[in-house]
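One chain, subunit A, links the two complexes that follow: it is found with subunit B in the first and with subunit C in the second.
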Partner chain A sequence: MSRILRRIAVTALFFLTINPVLAAADASEESENPIDVIGKVQDHHYLDVAGYHLYLPRILFVEGSAIPYVYGSTESAVTSGNFEELPDHSLVSTMGNDIVLDMSITSHLMYFWFGIILTLWITIAMARKYKKGTGRETEPSGWFQNLFEITFVFIRDDIARTNISENKYKKFVPYLFAVFVSITFMNLFGLLPWGVTATADITVTGILAAFTFFITQWNGSKDHWEHVFWFPGVPGWLRIILTPIEILGLFTKPFALAVRLFANMLSGKIMIICILGLIFIFAEYFNPAFGLGSSVLVVPLTVALYVLKAFVGVLQAYIFTLLSAVFIGMASDEHQHEEGQIEAHA
Partner chain B sequence: MGLLAAGIGAGIVAIGAGFGIGMIGKAAVESIARQPEASADIRGAMILTAALIEGVALIAAIVCILLVFFA
Partner chain C sequence: MTLIFAEAASGGGGAILNFNSGFAVWVAITLIIFLAVMGKYAVPLIMGALSEREERIKDSLESAEKALAKAEEISNENEKALREAEVKAQKIRKEALDDAEVLRTEKIEQAKKDASKIIEDARNTIEQEKKQALMELRSEVAELAVQSASMIIHSELDEKKNKKLVDSFINDLPKMN
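Entry: the complex of A and B
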């Protein structure tokens, strides 16, 4: 029975795939480049489902009107006559006033939501299970709860407790866990067929880093702010230099956090597209047989890169969480030991 | 010209990042060999430092990507 089902699924997948591939082959003959690298990593106004486009709503705020214009897709926005599409796929208003805010739902946003919904579902389901007593009074049951518990204990003990002071770390475990799990999901979604890596977008990682930034500053201790504005133990004139540097340092930390995750995911994606695209480049510049022959070498290389990308996806989520914990720990630390040290030196 | 700049830039980034991460790896392997019981702590510190170097290298890599595709 399962074999028949599998065969039907494979056949359906084949027919679903073959048509878009043919369509893409037609489309690529028009453009000058054999592969469109940036188009693959860019944000789109549609979801790619099995090669077909599932259009997402456009929500546009136009100058002089508080109510947004809402359309089901870019096409219906154009057919309504209020907007027209430029060759670079951006919309302009035909009513003579500019679009001030484009709140359209995009593919990256959808995958961001998928990651968050999965995280919410896992945590709520597990919290319900723990409330019932499974895992607290008895042993955790099932592979799912065991996996959850391993991840959670890892975040709590190896990331939060080692970097944030003992009496404060509990407050930050939920945030760190949510960030770790949702970034892992968002990174790994990019490996699925037709999937989009939401974290290969600087706005997504920027928002995540902004959360860390605000949590860090909100929980900053007196010592943290003293270090920023009135660095202890240095001559007064040096503070003129030190204070701007410290204030700058507050912002560079989350900036580096955002760019690190973004660049890792983007470069991984571009690397896979470029190496897989070698087949099409060879086929275009030499002849199709050459492209077919190079695929013997290129496809195993891509498989190896995929494995590497799966590892990097989890590793980058770990690094993001670890650095968030380090920054929070640094800011919320109350240097009680410091006076003792100075006395010991004196 | 943008392509040339991106190529040279990517090469220099690779030299710098490779040198830095190589140094970290060397130090980490040496310290694990000296104190195998502390390998978990050393590995954590190694990943953290490598991530900090990687961040700088990737900012440069992004500049190269921007040069290739948008310059």
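Entry: the complex of A and C
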């Protein structure tokens, strides 16, 4: 009985998967390009669920009004008469006022929330388990708690403790752990079918890096600021060059952090879509049989890229967390001796 | 390339390199709430539990080591006490043996003394008996001499013959004794 049910489920899933491919094929006939690479990675006002579009609410602040216009979808915004859609799909107010802030819920935001909610859920569930005594009075039970603990202890010991001074690192473990786990989830969600990589959006990585930036600067020690504005141990005239560089350096670090994560996740996604898209491009420009034949080469290549991307997803989350810890550690460190000061800036 | 980016603008959410400020507000608000919850409720609980467990494991390892050291100490003490007791027992036995030896020699001495005393007494008694016997003999001899003299006087008053008689009598004395 269960086997029959399983077979039905598998078949249903198979047809659901086929459907968007057919839909995409229909769409590509209208469009000039056989495959829309950028359209796959950019933000949308709908959630792609098994090939169907689930439209997300639009929240628009318009000039001259403190109350936002809220609509269930772009379509209802247009039918309300207050907004009209331009050919490039952006909305403008029919009253001629500019849209000040577009706080619409987008697909990237949804996947950002998914990552955050999953992290929160897992962490709180684990915290409850620890509170009850499993893991605190006894050994951790089950593979999940063990996996969780490995991750947690790794963040605490190998990322926080090794980079931030012994008396301060505990304060930053929640941030580093939250960032690591949620970025990992966001990266990996992009690998799911119809999934969207929230971290392949410069807005998300920019805000994440901004958080690291603010945490770093708020916890900057006296030594840190002294190094930025009045580099000790160098001739006076050199400070004219060094101080601007140091101030610039404050901002380049988080900027690099944001761009690194964004570019890695975006490039991986684009690469997979491009290589898989080769099948459709070949089918369009030569003939369908050629496209089908190329899949013999293309699909294994995509599988390899998928594995690589899964690895890169975790790796980039690790790099983001590690560098955040390094920046925080550098800024919050109180130097004890002269060699340490020079070393830290070497 | 231009085609791709023209397509990008038509997607709805803006081009991929755009920083969307409305979206950023959402992300920032979410992150603040997320980090607040994580930092206040979730992570410290886990950190506390983990450090508590680590502390307990460390403590129990230390106490086990201490207990082991103590047990070793106790066993050492026991062994020492046993050895001391053995030495003491040996000593006591030796002392007892020595005492016994002293007692024995004393007894032997005493016995020897007693024996010599008995012998001495016996000798003295013999000596006295002998002296008494001699005295008795003398008085007997004297009596005999007087008897014989009276006999001689009675029988013949011949000087020469008397003298010869007395001499032969005296010469015979030891033989009679």
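As a convention for this text, the second predicted complex is superposed on the first by the 332 of 346 C-alpha atoms of A that agree within 3 Å, B and C clash if a C-alpha of one lies under 4 Å from a C-alpha of the other, contacts with A are read in each partner's own complex, and residues count from 1 in each chain.
One rule holds for everything that comes next: contacts are C-beta pairs under 8 Å (C-beta built on N, C-alpha and C of every residue); 3 or more make two chains touch, one makes a residue touch a chain.
Remember, predicted model here, so these are calculated numbers, not experimental data.
When the shared chain is aligned, subunit B and subunit C each come close enough to touch A:Val37.
With both structures placed on the common chain, the touch criterion links A:Val326 to subunit B but leaves subunit C unconnected. In the superposition on chain A, contact is made by A:Thr203 with subunit C only, not with subunit B. In the superposition on chain A, A:Arg260 makes contact with subunit B only, not with subunit C. In the superposed model, more residues of subunit A are touched by C than by the other of subunit B and subunit C.
In the superposed pair of complexes, A:Phe112 makes contact with subunit C only, with no contact to subunit B.
By the touch criterion stated above, A:Lys170 is placed in contact with subunit C alone, subunit B being left untouched. In the superposition on chain A, A:Asp158 makes contact with subunit B only, while subunit C stays out of contact range.
Contacts of A:Ala178 after superposition: subunit C is touched, whereas subunit B is not reached.
Comparing the two interfaces of subunit A, the one with subunit B and the one with subunit C have residues 37-38, 266 in common. Subunit C makes touch with subunit A in their complex at residues 3-5, 7-28, 30-31, 34-35, 37-39, 41-47, 49-50, 52-53, 56.
Of all residues in subunit A, only 32-33, 36-39, 41-46, 59, 61, 74, 87-90, 101-109, 112-113, 116, 119-120, 123-124, 126-127, 130-131, 135-137, 149, 152-153, 156, 170, 173-175, 177-178, 182, 200-204, 206-208, 210-211, 266 touch subunit C in the complex they form.
Residues 44, 47-48, 51-52, 54-56, 58-59, 61-62, 65, 69 of subunit B touch subunit A in their complex.
The part of subunit A that touches subunit B in the complex is made up of residues 37-38, 158, 162, 256-257, 259-260, 262-264, 266-267, 270, 315, 318-319, 322-323, 326.
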